[in-house]
Every structure is written in C-alpha cells, then in structure tokens.
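Listed next: structures, encoded as structure tokens.
Consider the two complexes below, in which subunit A is the common component and subunit B and subunit C are the respective partners.
And then the complex of A and B:
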C-alpha cells in the first residue's frame, strides 16, 4: 500500500440541531493523517471523538469545512458513493463487537467479501487468513454466543480486516474487555498495522489503548487541544 | 448473497418461524372462509334451483306477476306441445314440469273423521315417467326417512316432520283439500308412500311431494303446467349465460300484449330475497377478504416493524460494512416474499385440509327451524380452483406490504442514527 495522506480534515465544523438551536460537536478541526498511522482520537465523553470517526467513516456529513478520505470529499457525498467507500476501503470495529448472532464465526467474517462479490474460493482463502491473523481458526464453526468477549472482538477485527481495507476505524474497541484481552486485541491490531500497513484510527479514552498509539490527537469540547507523536 | 440471507432467515426463528405461523394462520382462515362461503352459496343456488327455480323458469306472464301465490289458474296451456318444442329447440337444456300448490292436509282417524289437519306447501314433479330424472335431481331416495317413493299417481311423500305432526305413517291415507285451476274446491285422497327429510326447514315444516299426474287430476290441470324449469346441461348455474338465454327466449316468445304468453326468468331474478342474499354473500366475501387483507397487512407491518427494530443493530452494521440502504431494503422485501410464499403454501395446505373435512357439511338445521328461506340446513364447504390460490393474494401481498412499510422506517433513518443504535 502506497504511503501518503489518507485523511485531510480542513476547517471541519459539525453541529447538531437541539431544540431551536444547535449544539457544536466539532469546531474548526484541521488535521492530516498519513497512511499506516496508528492514531488515537483521545478525550473524555462528549469531546467529539465518535462524531469525527463517523464523518471520516462517511456515516455522517460535515456541517462546514471538509474531510477528504482517500481523495473522496465527505461534503455532500452521496449515500451510494459512501457505501462503496466503506465497502471497499474501510473497516469498522465497535465497542460491542456487533457480530451477527445467527451466523457462525466464518460467516460473520465472510460477509464483507460477499458484498464485494468475491468468488467462493477467494472468500474462503481470505476468511481463513483473517481468522489465522487473530488466532481463531479453531472457532470457525462457533456461533458468537459461544465466544468470550475477547474472542468476539477478535472476530470483529478479522471481519474488519478480511477485505484488506486501507483504514480501520475502531470506536472504543476495548471498552468491554478486561486488561489481558485488551492487550491481546491491541497487539493483534498493532501487528496487522505493521504487516499490512493498514491505517488504524481509534476513538478512545482507555489508557490501555492510548499506550499503544503512535500518535495521539487529544480532543476537548469539540476542539483539538493537542496532537503529539509518541516515541515507543 | 441470497443464500447467506436465507441461511440467516432459517436460523433466526423470530424472523422466519413466527411470521410464517402468522401468515399460515391468516391464509388458512382465508382459504377456509372462501371454501365455506362458496360451499354455502353453491348449496343455496343448487338447492333453490333443484326445488324451486331451475336455472331458468318459464311461466305465463300473468303467473309470473304473482308467482309467490302459485296461481295455477294462470298456468301455461298445451303443456305437452310446448315441452316438445322446448326440447327440440333447446336440446342443450334439461326441461322439467312442476306444479306448485298449497292446501290443507287432513289425516282421518279410523272412523274417517278428521284427526289432524295442517297447511301444506306442495310440489308436483314427474316421478313416474321413465325418462324423468327428478328422483335423482331431488335426491329423494337418499332423503327418504320411512316407507318408499310413490309408484302411482295417487301416492305422495310427506315431510317427516309434517307426518309426525299429522300422526301419519307410510301406508296411511291423507286428504288434500285445495282448489282446481278453475277455482272449484278439490278434495282428493292420497296414500302416503313414505316420509322424507327435504333438508330445508321451510319445506320440512309442511312439505308434500306428489307425482305431477296425480296433482293434474286433483286440480283439473290436464295438459297445463304452472312452471317449466330449465337446467343447463352441465348442472352449473351461470348468471351471465342465464341472462343471455332468457333475453333471447323472451325476445322470440314473449308477447307484451298477451299476458298468457310465456316468459323466461333466470334464477337470480326470481326471488328478491334470494337475489339479495346472493349479492350480499358476494359482497360479504369481498369485504371479508379485503378486511382480512388489511388486518393481516397491519399485523405483518407491526411484526416487520418489531423485527426491524430488533434488527436496527444488524442494519447499522451492514451499512457500516458497506451495504447500500437500497440493498438492505430489497433484502427485507425478498425475505418477506419468501415468508409470504412459504406461509401461503403451508396455510393453503392446512386450509384445504379443513375445507376437505367440511365438505361433508355441518348440520345447522336446528338453528334454522323458523327460517322461511329455501336453503339447506347443512352447510358444506366447497373446494374450487380458486380455493387453491385465493390465500396467496393476502398471504404474499400483506407480507410484502407489511415489510415494505416497516422497511421505509429503516430506509428513512439516517445512517449515523442507525450507527448510533448499533453502538447502543
């Protein structure tokens, strides 16, 4: 994957209507994120981390300014273009795993590839690879309810990574995990970041996660208050 | 992709089993209701046509004007000649002569004095001719309770209920007191050959059935006939066909200036009550099916909404992974189509099973004791080709419509909102 700027945020403002007025969730944000970064959007609840992640993930639109992700502007992006961007280039990891309960581990990981209309053999190879990355090849036939929290989140990581996206957006990925599982998950993501050069962008206020970040962008009340590279 | 969703559908019982049960139940009721209403409607038409109206009826115009009074003084003359012409000109119809009459039946005691008396509603049919099929048409043999069918012009059948009221047994004599077609008093003795259950309370109360030759003698109606009934050769009443046929006949035979010229009246025009009832049953059938369609759509819409709400997380996830809203909407519709088809097949099969059981009928005669309508007391279901597909209309339409309405809720929801619900 070639290096370069993957996200450009230019004077971003996001407002939400509340009653007769507006609530400003993000105000005048300017950032650049390069390919292959392992970056955390850090801040307390209500600081605007998830809102920024949603806009970067084309799940929401800016009120003012622009966010350019892989040369695609998020300003006024059509629903179809947004879903294509997510389908082809973005992976999501959620706090609550969000595995589809009626499907097996294998089928959950396979789903993004079905949307990409990959061949059956191509899907099988990619799914097994992804499950191998997260160490769950022995659980391919298990249903989500048979898995522990850590295993479930590893399945979610495999699902996000199976299509080899250019960027993974992870919103509080360790919030429901104990320390040991959190470290396991983070080491897995760190390994994938290094081996596949996938950009990882986290929204978190968990110190365990922050320790792994190579760049920390601190948000408070919708504004960037600090942006630091971390030397590990 | 479709296989993937079908797999999910089968595994998630709340998405498949529950809606299929709802659809199956609804479809079963629709199928059963259609068979039941068709059966009752068919029985009413069949019963009335056999006993009273034919598919078409020919009378003199004057008789037709007051036909409820059975005015035999206005009967058609030269009946045998007229019948021959009818049979020759319309060979694809079955023609039968009938005389309806009223009177008093007197049952004498051993001294010849009146023991019991009762008003009778009589029908004279051709029971004795070799070419006559009236015994089969009226199912007389099957409905015989005691004794046997008349084999002579001076024998009659009484309804079983009437015979008990008159304390008359097969072999006993009864006297019919009525008037001739010329207005004179007529007193004629008949032997009761047997008793019968007509199956219609209005006939069972005071019915008497005699051979037409005996009644002609008793009422001085030689070569005259009150009514000539015509039946389509396939035995099925077709209102449009009957309308066209009677218009054609009347154009050629009815003279507006001659009140004794013949006029043909189709079944549904003969009796306002019957006609109204047939119309009402038809409307009822449409209304019930429409209400049912709407009710089921609302139930399934709600089920779809509840299912949709339960699946907001899944929808949000699918959108986050990159599935387009339109694709999700179409997959919901496809799921509902599968559920609609499976539910309709299962519901139709169960509905047909129960309809088959009800083809033998349920006896409501006791409840219809006071009825004045010419209808069977046994209500039967009738399976027609329509029965096989009628349930698919509400089954599939309501399911897809319900899912489409529920899906709009999901479709209209903002991506970010669904995403938030996914995270909740």
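And then the complex of A and C:
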C-alpha cells in the first residue's frame, strides 16, 4: 500500500454507557486519511481524539458507522483479526512510554518482532536499525529506569517502528517531555515518515506537536470542527 | 516459548518477591516429600517387622480362633495337620498354642496370653532358642514392654495360673530366660512365651496348636480341614488401614502448607496484574491476544513451581538424603502405643512419591496462577494502557 487511502471513517459514532444513560464521545465523523500522512487529531481534553485513535487502532469498536483501516472494517472485528492487524501493521506510541521495566532497551524494541516470530538474525538487524534511527545504539543494554523521559520515548518510537508498520498511532507522545526533547522526538518521527512513508496519526493538544503536522483535524465535543492541510 | 522467556524475565525482575514465593513453595515440596517418605518408610518397616516377627509367610488359624475375642481361645485349637508335620520337624513351621492365663506381679492379678511355640522353629524372629529347658524349670521369654510392665528381668520367676482343657485351674512358676526387643507390640505386650510341648501338656492338648505360621511357599494355602489360611493381604489389612488413616492426617497438614504457598502466589498474581496493567495493555496493543496475555501470566505463576523445584532440590535433596541416612527419631514412649514403630524410622522416597508431589504442586500452582489471570480477559485495553483500572 504505497499510496491511497489507509483509513476511511464513515458516519462514526461512539457512545459510552454512563449511569443509566450514555455519553457520546464521537458523533457523525467522516474522514479519509491517505498513506504517508503526518496528521494530528487536535483538540482539548474530552474532545474524543484518543477515542478515535483507539477505534482506528482496533482497541475499541464503533457504536455506529464504520472505520476501515487497511481494508479491514473495525465494525464487529474479531479479537483475533484485530490482534493480527495490530501485530503486523500498526505501531503505538503512548504518553507514558509503556516500556517493560524488566527488559533492556534492546529487548523492549525486539518484543514486537518476537510476536511476529522473526528469526534471531532478522530481529537483531531490525532492532539495531531501529535504535540507529532514534540515536540510541549506545543504550542497548540499559533498562528503562536508567533512561531520561526523552530517551524512553525514543525507545518507544523504535519499538513502534521496528516492524516497519504501515501506520503509527501516537497518543500525546510529548506530554511528559520538555521542549527540547519534544522537538527531537518529532523531528525523528518526521524523518521516519518521509524516509519510510509510514503514516503517522497523532492525538495531541500540544502546540509544539501541532506545528509539525501537515494536516490538522480539529475536534471539539466529539465532532470535527476543522480539517486543514498545512503548508510548511 | 515466548511466554516462558517473558515469564523468566519478569520473575527475575520481581526479585525478592519471587524469591520468597519460590522459597515457601520449595518448603512445601520438601515437607510433602519428607512427610510422605516417613509414612512410606514406616509402612515398609512395619510390614517388614510384622512379617518377620509375627506373620511369617502366612498363617493357618484354627477355624474358631478369633485373636480379638479371648473367649474363643479355650476351644480354638486342633491337631497339627499331618501334611505340615515334615515342615514342623524341620522347624519350617512355627506352631503356636494360645491360652489365657493369670500372673501376679507384685501381688496384683494380671490377665495375660500364654503362648506355646516350638523352640526349634526358624520361621519368626522370636528368640525361641532360649526356650530349651536345662532342668525341670519351665523357660519363658517375654518382650521388653512386658518386662517393664511386670518389672521382671532374666532369671526371675513368674507364677502363672491357667485353666486346662477340662476346665481345671493349675499354677506353675516359669523362669524368664530371655527378654527380646521388638517393634511389634502384638507379640510382646501382655504375653509370655513358653515351649509348645510344655504348654500342650499343661493344657492337655497334645500335638495341638491354635495357629501355624509357615515359612515355605509349598506349605501355603493347603486345604486343611478345620484350618483357614490367612495370607499377607488379610493379615496386614488392619495395619494398612491404620497407616492410610495416618497418611490422610498428614495430608491435611501438607495441604495447609500448600495452601499458604498458594495464597502467596495468588496474592502475587493479583498484585502483579494490578501493577502491570500498562504492560498488559501494551501487550494487547502490540498484537497479543488476551488469551496469549493470560497464558503469559499463568505460565509466569506456574514458573514459581518450576523454580521452587530447583531451589527445593538444592537444599531439599541433601536434607532428605541425610534423613534417609540417620533416620527420623520417634518420640520416647511411642512403642507403648501399640503401633509397630521402630525407634528410628528410615524414610522411603519412591519415584511415584517425588513425581506425584511435583505434579500436584505444579498443577495446583498453575490453577492458582490462572484464576487471577482470567481478570485480564475483562480488562479494557485502553484503560489498562493508561493504568486507569482500580
């Protein structure tokens, strides 16, 4: 899938049960995202950006409408199909890095490849490449607790990118980082996006992140209120 | 394989918590094997001693004889069958005549069992060679429990009063010529052994016996009129039941120990699943199915049992081997309880015992590890990723 639509969102509605009623987190969303985009879902807390990211990442299901990711409908997707999609084609980057504390940097990055049952030599090559992209080849044997916040997030990026996924979903990736580290992280992701044509979709309300986006989809109260391409 | 690798990483990563759980579980392994080894050792020793001292290779009992009913003793005797006489002459049969009698230790009346046995017998371990009369005195042997009970030693005389076959009372003094020490109280407490011939003439039952203990295979299970053959399975049935009862009692003890170890592992699993919810969410986001994640946590819990096996082997094997070498000393006075227990029990560890214990502990650990891990199936991965599950 070199070019073309990677995500199609049709009349998406997401409701969560609350007490006796329900809360509508996303309402009537219609979007298309093309391969290779560097796009931000932007909006204040509670606007629905993380919920949308989770549905796109097959971690949640739509209440109404449909989301099609790489020709796979998220509506009623089986757990097995969803896990295969995530394992083979999606990478995740989280606000709190979510690195496994008992593993070294190398082992953390290697983990997605173990799930893909890649050979030992193939894994080694891919892990070293990924760590080179993020500039952490000297930290291979370090444990997450020995790393700074910026370094931890770079490990998370390497872990998300090591299997060369078609799309990376990043939820507030710079929320716990200072300005310098935020820029470093974003420049890294921008470079990977350009070099590998990987689609990046961010959920963020951080201005430092927003200014790197080439497309900004603004959400408010679960609705798309603006969708703009940015010319850098 | 991935699950095992992950489990090992996480277990070593958990450090002291893992070590404590593993150590408690290793104690459960060793104690279960040790306790059952002692029971098996006791079983082995009790069977061996009882066969050696009391039952030989089986017994013919006169048909009306009931060892638990003293009122049957008076009439429970018959002529030693001709078919057994050749073995009797060679000492390959021990013929025993049983009667009730009364003795008067320190002026008090005490009812005993008077037993006559052929001195030349080579069937049971009783020291019947000390029943050979050197003069007119009647030689007698007693067990050490009986000697303590009536306060007599070798060389002492004991007055014995009995009733003969015609119902007439008579009395005679017997001389203690031997005191034997045995682990089998059934041939010791409350009994005096004298030569068979002497007893036959005292009772007036020439050539008769109450029970006949055999040594050779060829003398077993013959069709002898008036006599019933009892093999080991019948003779040892009561003892087997008693040892089985003891095993059940011990099982309660080691189940409590196992339950404590399992509680620790259960708690660790619950805590681990709660603390590592971000990791669980991340596993799912990276493409693991919930079932795979449950598998990882179940294997991780079960690995405690495998590690405990290694740790238990490190300190348990030397301990159990040493115990097998020196034996397990029984408390003072246990031989007065009527049980066939030696002063020191040598434990017996069978392959079935060791494998059975390993399988029991591993399966129990796997179940206990799986139970809290099932909670993962109900987790919302989005909340788990952000550590929001309370």
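Note that the second predicted complex is superposed on the first by the 231 of 232 C-alpha atoms of A that agree within 3 Å, B and C clash if a C-alpha of one lies under 4 Å from a C-alpha of the other, contacts with A are read in each partner's own complex, and residues count from 1 in each chain.
Just so we're on the same page, a residue touches a chain if its C-beta (ideal position, glycine included) is under 8 Å from a C-beta of that chain, and two chains touch if they have at least 3 such contacts.
Since we're looking at a predicted model, the values are computed, not measured.
**Student:** Return fit or clash for subunit B versus subunit C, each positioned on subunit A through the superposition.
**Tutor:** Subunit B and subunit C clash in the superposed model.
**Student:** For A:54, is the partner it touches subunit B (first), subunit C (second), both, or none of the two (neither)?
**Tutor:** both
**Student:** Does subunit B (first) or subunit C (second) touch A:145, or do both, or does neither?
**Tutor:** It touches nothing on subunit B or subunit C.
**Student:** For A:92, decide between first (touching subunit B), second (touching subunit C), both and neither.
**Tutor:** A:92 contacts both subunit B and subunit C.
**Student:** After superposition on the shared chain, which partner residues are touched by A:107: those of subunit B (first), subunit C (second), both, or neither?
**Tutor:** both
**Student:** Indicate the residue numbers of subunit A shared between its subunit B interface and its subunit C interface, in ascending order.
**Tutor:** Residues 50, 54, 57, 59-60, 79-80, 83-88, 90, 92, 94-96, 98, 100, 102-103, 107, 111-112, 114-115, 159 of subunit A touch both subunit B and subunit C.
**Student:** Considering only the defined contacts, which subunit A positions touch subunit B in the complex?
**Tutor:** Against subunit B, subunit A makes touches at 50, 54, 57, 59-60, 79-80, 82-88, 90, 92, 94-96, 98, 100, 102-103, 107, 110-112, 114-115, 159, 171.
**Student:** Using the touch definition up top, name the residues of subunit A that touch subunit C in the complex.
**Tutor:** Touching subunit C from subunit A are residues 50, 54, 57, 59-60, 79-80, 83-88, 90, 92, 94-96, 98, 100-103, 107, 111-112, 114-115, 159.
**Student:** With touch defined as at the start, can you tell me which subunit B residues reach subunit A in the complex?
**Tutor:** Spelled out, the residues of subunit B in touch with subunit A are 1, 4, 7-8, 11-12, 313-314, 316-325, 415-416, 419, 422-423.
**Student:** Over in the complex, which subunit C residues touch subunit A? Could you list them?
**Tutor:** 2, 5, 9-10, 12-14, 278-279, 281-282, 284-290, 381-382, 385-387
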